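These are the structures, in structure tokens.
The same chain A turns up in both complexes below, where it pairs with chain B and then with chain C.
Up next is the complex of A and B:
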């Protein structure tokens, strides 16, 4: 990646975010209200979002030459990351009271890192961006200092550091056998065994962040322990960064070893989906249930690599990547929305039982949460169905019948625990004491995600508009 | 476009019914009657003369042409008979829903189910077919889980997961069709007429690998057999029928089992060349087992509702048998035509018969407080009209000549004799048992000495009586003039078997 002064305009979105981060830190001296920090952060996200849109459609007021790395694929994911950060900006106000300027500044820095990752095709830059995201999220996870949050942040931190070590080790072997860190040109692999070591270590390293089996255990505790909006961010934004980097690394970087990539990811995907769905069945803690479901969803996401490995270069592979991209978009709203729904509870420890009687108390929230759960289960009329639909379509197109059957059986198992939550919501009487805090700022994100999830179903053409972007991987 | 209008009308009226609060019940009754009337008018306009198979009222609304996604509709002779059935079933289901007992949301759910059923029957695009196929499940799941009996939690979940697994296998089959069509012709499409005409084209089916053929057929057949239900995928049946509230049972037995039948004859039947004959013996065996096994099981049930649930499954065994024998017939003669038409006729009339039976059992429950055979007895003394109508329903269900149930079973037996040969004794055995437990149940529950523990009961009068008599009249008319349904159905089957019309 060479720096071209004509491309400076493409760095504006990141500069805006970074500058806003420092601005918020500076404003912190005046001890302003949290609402002001959050508004500044939101403003930065919106400006950055608009700038990226303008770049994407080439309607900047000055002429720039787009380099190869600033392509539709990067723009698409950059927008997704901005959405996932912006999504939690206001809901986070609920619990982040003390020193909130640090929280928002960090959120902005993390998002900057994400954007860098979106536009980078060099393993070193990707790694640095990935670390920027990780380190920022370690601190974010520890906010709202209760014993439980600290414990989960520590767990996240330690496993995250181990993952970093794995990634560095894998990268060094990658360099050994290819002689380059760049993912743009065709790679010459000089030593297959070295490359296999790199593959294994990189899968494990990035797999930690994506929380796939058997590197998922931290995620269960961390998602459960952290503040709801942080769990929402960890399970959407930070996961999708890992997914996007993996798309770049495993589809392009390992294009010579496709059959190995297929075997690796087919096994991990089956294990992840099956383990997480079965474990979620017996889960009574609602946040842990959502955490397991988040692990299971990661299992569906990495099916993409199984297809690209099994049938590289075919339409099926393109379909799989596009389906993964569509899935990422829907995923922000269904998973993020599900975690943000937890804000309606007064207590931090939420069991499935606690949701009883929600339908009586607030039919709107109950309906919206049901829509989100239906979307996670992949039932029609929700965006989740459409995303799964195209993903499974790509599996069948690529000829991976057995994997499609396994995935579908898994999505049937998942129906059990999603519907169990709905059952409690609608058909069980509450205990009488009011466990819900149904203020408007807690309800709005739930309504919003439910509406988006339904709207996404009706945009059938969206998949087809994503398809040409796949070339940018 | 009339039919699209009817579909949209049902969809809108579902929400109006919900918002109407105190008038939900009245509005839903009027709305479903209007729907039924509209369907009848539509059927008379389109199918009363000159119908020679294929699909009428076709229209496409492009949603994503590059992916082959259209909102595409069309109605065949078979689908039309099921449209009429749907209209009748839901009008009756709304009618027996007591407004004092159920909140407006019940009417919303019932009407949404009706919208899903109509959408399913008119869809000519596989994506929307699947979407409606799944959408029917959700309101039914809520009807079962919210208003069901004491074991509703487990049973509703079992129902949903069972049928959901079945449907997603069908989804995979649809994907397979889609991909292979793309491979062969380079066109992405979910349109049924394109995909189904490719299925009839030997040049296309020859390109499919064997595993793909098996996979496609398995997905569809599995999904439809679960809905029917057939042995051995019937585990959800009895519990769901029993635990559902009566409107729910009527919908399950009347409409949802017709979905399975529609799947077999509306979707799978035109597959023609792909199906061949290999493996169809299994379906024959499953059909035969269904008829006799469910009859035996029904015989030992104490609850009228559970007994009739198995009876319903037993009569759907005939449908599986009819489907398989239509393909196994070596010379594709009139026999295949008769078996297929009989199967479709059975699907349509079975729903109406089950409606009559379950509605009268519901009124028995209302009047006596029980629907278990041992706690009834001799209610003819105090409720002669109710007893007679239930007897009529039972006789129709066991296939008494002159009533609608006979026509379907008779045609299937005639049509499939060439295929199953002497194994027909299993069928006769099943029918014998069916007849015996139907009569036995009538004898115990309706006639004989009066069970004094019931106290004084009253007969039905007024609107419920009129409703039951109308439904019985429909069964009687269809038994005497079966051509009302049989005509369009036979034209449809003829078109596919001999004309290659899809």
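Up next is the complex of A and C:
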């Protein structure tokens, strides 16, 4: 892999983030206020965002080296990662009290890793970027040292290392059967037992991060145990990296496999959705409820692979990938917004009952949270509906009727527990004591995500603008 | 100013003004009327501006909205005439309403709703796509519900609003099925299948793609929608009850913003009707002609001034429908004009005189404390000379007496129906439209002058009638403007026809036919005056008369709808469904409880002990590898 200094320009977005990370660490010596670190981090995200936009409009897709490609698909996800990191930058101020310079530096390093993953097409580069994200998030998860957070961070770390082992094993099988680590360069792909084993190992490995059944159990404890903005980040940015890497690996790298492999993904998708939705029904811990819903959403994302596996190279497959990409965008705001809404509670242990009477205390927050929940459930007038609509449309187009029916039934089940939360908000009287901390910095992210979720619904053409990007996978 | 820009603001202006009027009215109630009236004045000025600048071009701006549906505005001469009429008449009604509603404590709500009503109608007229058309059409329906039930504390008004909403819903259902048929048949070939310009410019191709029979089915279903909105037989039953709303609302509904929408719908996609199989035009012609005479007979026995006017609307709209149908049939046979001009001329004239009649009735009702019974009136001409003179001008226009415009508009339609009879080779069945329309003229003259003489002539028959006074003259200015138009619009008959249809040529009729029609009108007027004034007729107890009872019960159509269809048919069905629903619900409940219990069981797997998680993963991974090995081994 040769490196041409002229092509350094394409790495500016990542370099900006990395440099800002070191800058924050250096500033940490002076013990400045947290607000300054967060502003530096936000500035870096904005600059990087603008740089990527400039590159997107300025250059044509071409390969910098065998392992890296700058194309619309990568740019789109890079922007998504920056948005998901930028989204929690300010809300995290409330959660991260001590040593916040380390938190923000780590957030920047993690995002750098994400951007590298967005543009690379070599399994080794992808793996390293993925590990950069993982290791950074292990530490982020352990911030705010209470017993509960530490326990959840440890669980996350242990399961993460097991996942890494699975991925490395899968990579070696991939290398064994194709003789290369490059996804685009692998020519002699076929359904050999080696290749299937590689597939199985990689699905299990990456599935950890995406929290799909049966590798989801850490997620419930970790999302529940960590601080709200961290759970928001773990369940959006870090999940989407895994989703994007899986798109690259399974759509590009394993494109030559037989179409019956789709059964594998279909089973995972159905099991994940059904398990998580059913388990969420009787859940009384609000954060765990959201964690289960996050697992269920991962199940919907896995449906994309069922379509691309069943009908590879068709319009249905393109629709499925574009729907997955749209889902990712909406997902940042609905899931991230839902977790950030938890900031309005004073206590750390939040049961569904605690939200009673919110509509009386703050109609605006109650309405916004309702919109976010409706979007998660996929009810019209929210972006979540549009994303689900196109995803199910691609299932139908691809001929996977039964899977579409199962997915829709699952959405119906999920409506139950989302509406249960809304019912508590609107119809139950709260106990006299004031459980809410409705300061403006806690309310703003909720309002913001609700507005974005609604606006995304009204941009009907968005899906069709994403569609051409699919070619870059 | 850009003309295209102006077109959008024709309907956007009242649409934006509606919420502003509501909010401003909460602070200062007088503002609401001013804001909504001004917004409609803007619409009227903009329509006038477009009228002066458009020339012989059309404006067609549409933008992609969702998949292969577009939104946008389409303005040709037909739409332009309609927006001019709607905005002008609505403006006059709004001006009068500032007087009529001045005591009402919820005036701001009223004006917000009427502005929305007008903007929805303007939107209906200007839409370039049938889906957007339908959206505005539904807003019209919603506003009619809100406004008819504006005095919702009166039980009659509340139930009338509900009736209007439900009955028009039947028509809307039919309309949307018709649209769906067109969309489904064309979506494979057309890039924008429900675009109005596309449909009317390519009507023959559309008929070829769909097959003329299928197109006729679709157009007849669309006619069903028009029948509901325009109150044609058998969906006219909502309109007489709708008289419970404020009189200015009745004027809006009858003249400008609602019942004309159905006629406009057919006129808008008229080429589809002419291109489809012949029976769709026959359906239009016969529905219209039959309604014209049917509603005319009902108005004989009504003793409520507003109900008489309501039935006259149904009957007059029938003339428009008949004109649309007959002209289509005759025109395809090569005789006379082939276009919508006759119907639209009648529509515009009707809007002028019906608004005039309702507004002057409104002025009378204010003087009489909302006493609507004709039997309690009488002798008002001497007491309210200005108002009743305006009512008289409305009455002669409605009856078609020269020189008022109604003479020209309806005369042409009756002529057309005669030409239709002639062109079919004197086939007796095809004389029916002519018979219906001619006797419709006779009945119209009769009930109009019966009503007029009961209002204006003779001696006052109640205390209120004796002490009634004219309203201040300045509030009658909008009525005078309408009266001038009602009297003089006949001058523009031929130029109006030519504006809509350049190839217009008049019918030539035998003198005898003409004389017969005008003779019947004259007899009708005299008979009406006589029946209205003669005391002997009033004392006669006609309630025992069977024919009278049938009319009074409106041919038992309301009874059929409520007692037979609703009570015997729909209620048992509904209770059967609800029984099923109960059982289904309880089954669901049980299922739901089972699922929730299952959830609790699954939740136990989440032990919080990481060793257990690893055990699950290893087990599942082992299972996966076993499966892979089996599949892999089979290859």
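Methods note: the second predicted complex is superposed on the first by the 450 of 473 C-alpha atoms of A that agree within 3 Å, B and C clash if a C-alpha of one lies under 4 Å from a C-alpha of the other, contacts with A are read in each partner's own complex, and residues count from 1 in each chain.
Assume a contact is a pair of C-beta atoms (placed from the backbone, for glycine too) under 8 Å apart; a residue touches a chain by one contact, two chains touch by 3 or more.
This structure is a prediction, so every number in the text was calculated from the model and none was measured.
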Chain A superposed: clash or fit between chain B and chain C? clash
Looking at the overlay, what does A:381 touch: chain B (first), chain C (second), both, or neither? first
Who does A:416 touch here: chain B (first), chain C (second), both, or neither? both
Contacts for A:176 in the overlay, against chain B (first) and chain C (second): which applies, first, second, both or neither? neither
If we overlay the two complexes on their shared chain A, which of chain B and chain C does A:25 touch? Say first, second, both or neither. neither
One more residue to check, A:215. First (chain B), second (chain C), both or neither? second
Just checking: does A:159 make contact with chain B only, chain C only, both, or neither of them? Give me first, second, both or neither. second
The only stretch of chain B that collides with chain C once the two complexes are overlaid, out of 132-140, 204-212, 312-320 or 438-446, is 312-320
Chain B and chain C footprints on chain A, overlapping residues: 416, 460-461
Enumerate the contact residues on chain A facing chain C in the complex. 154-155, 158-159, 162, 166, 191-193, 196-197, 199-200, 204, 214-215, 217-218, 220-221, 260, 264, 275, 278-283, 413, 416, 460-461
Chain B touches which residues of chain A in the complex? 315-316, 374, 379-381, 389, 392-393, 396-397, 401, 404-405, 408-409, 411-412, 415-416, 419-420, 423, 426-427, 460-461, 463-464
Contacts from chain C onto chain A in the complex sit at residues 64-66, 592, 595-600, 602-603, 605-606, 608, 610, 612-614, 616-617, 620-621, 624-625, 627-629, 631-633, 635
Partner chain A, residues of chain B touching it in the complex: 63-64, 66-67, 69, 130-131, 134-135, 138, 141-142, 145-146, 152-153, 156-157, 160-161, 164-165, 168-169, 171-172, 175-176, 178-179, 182, 211, 215
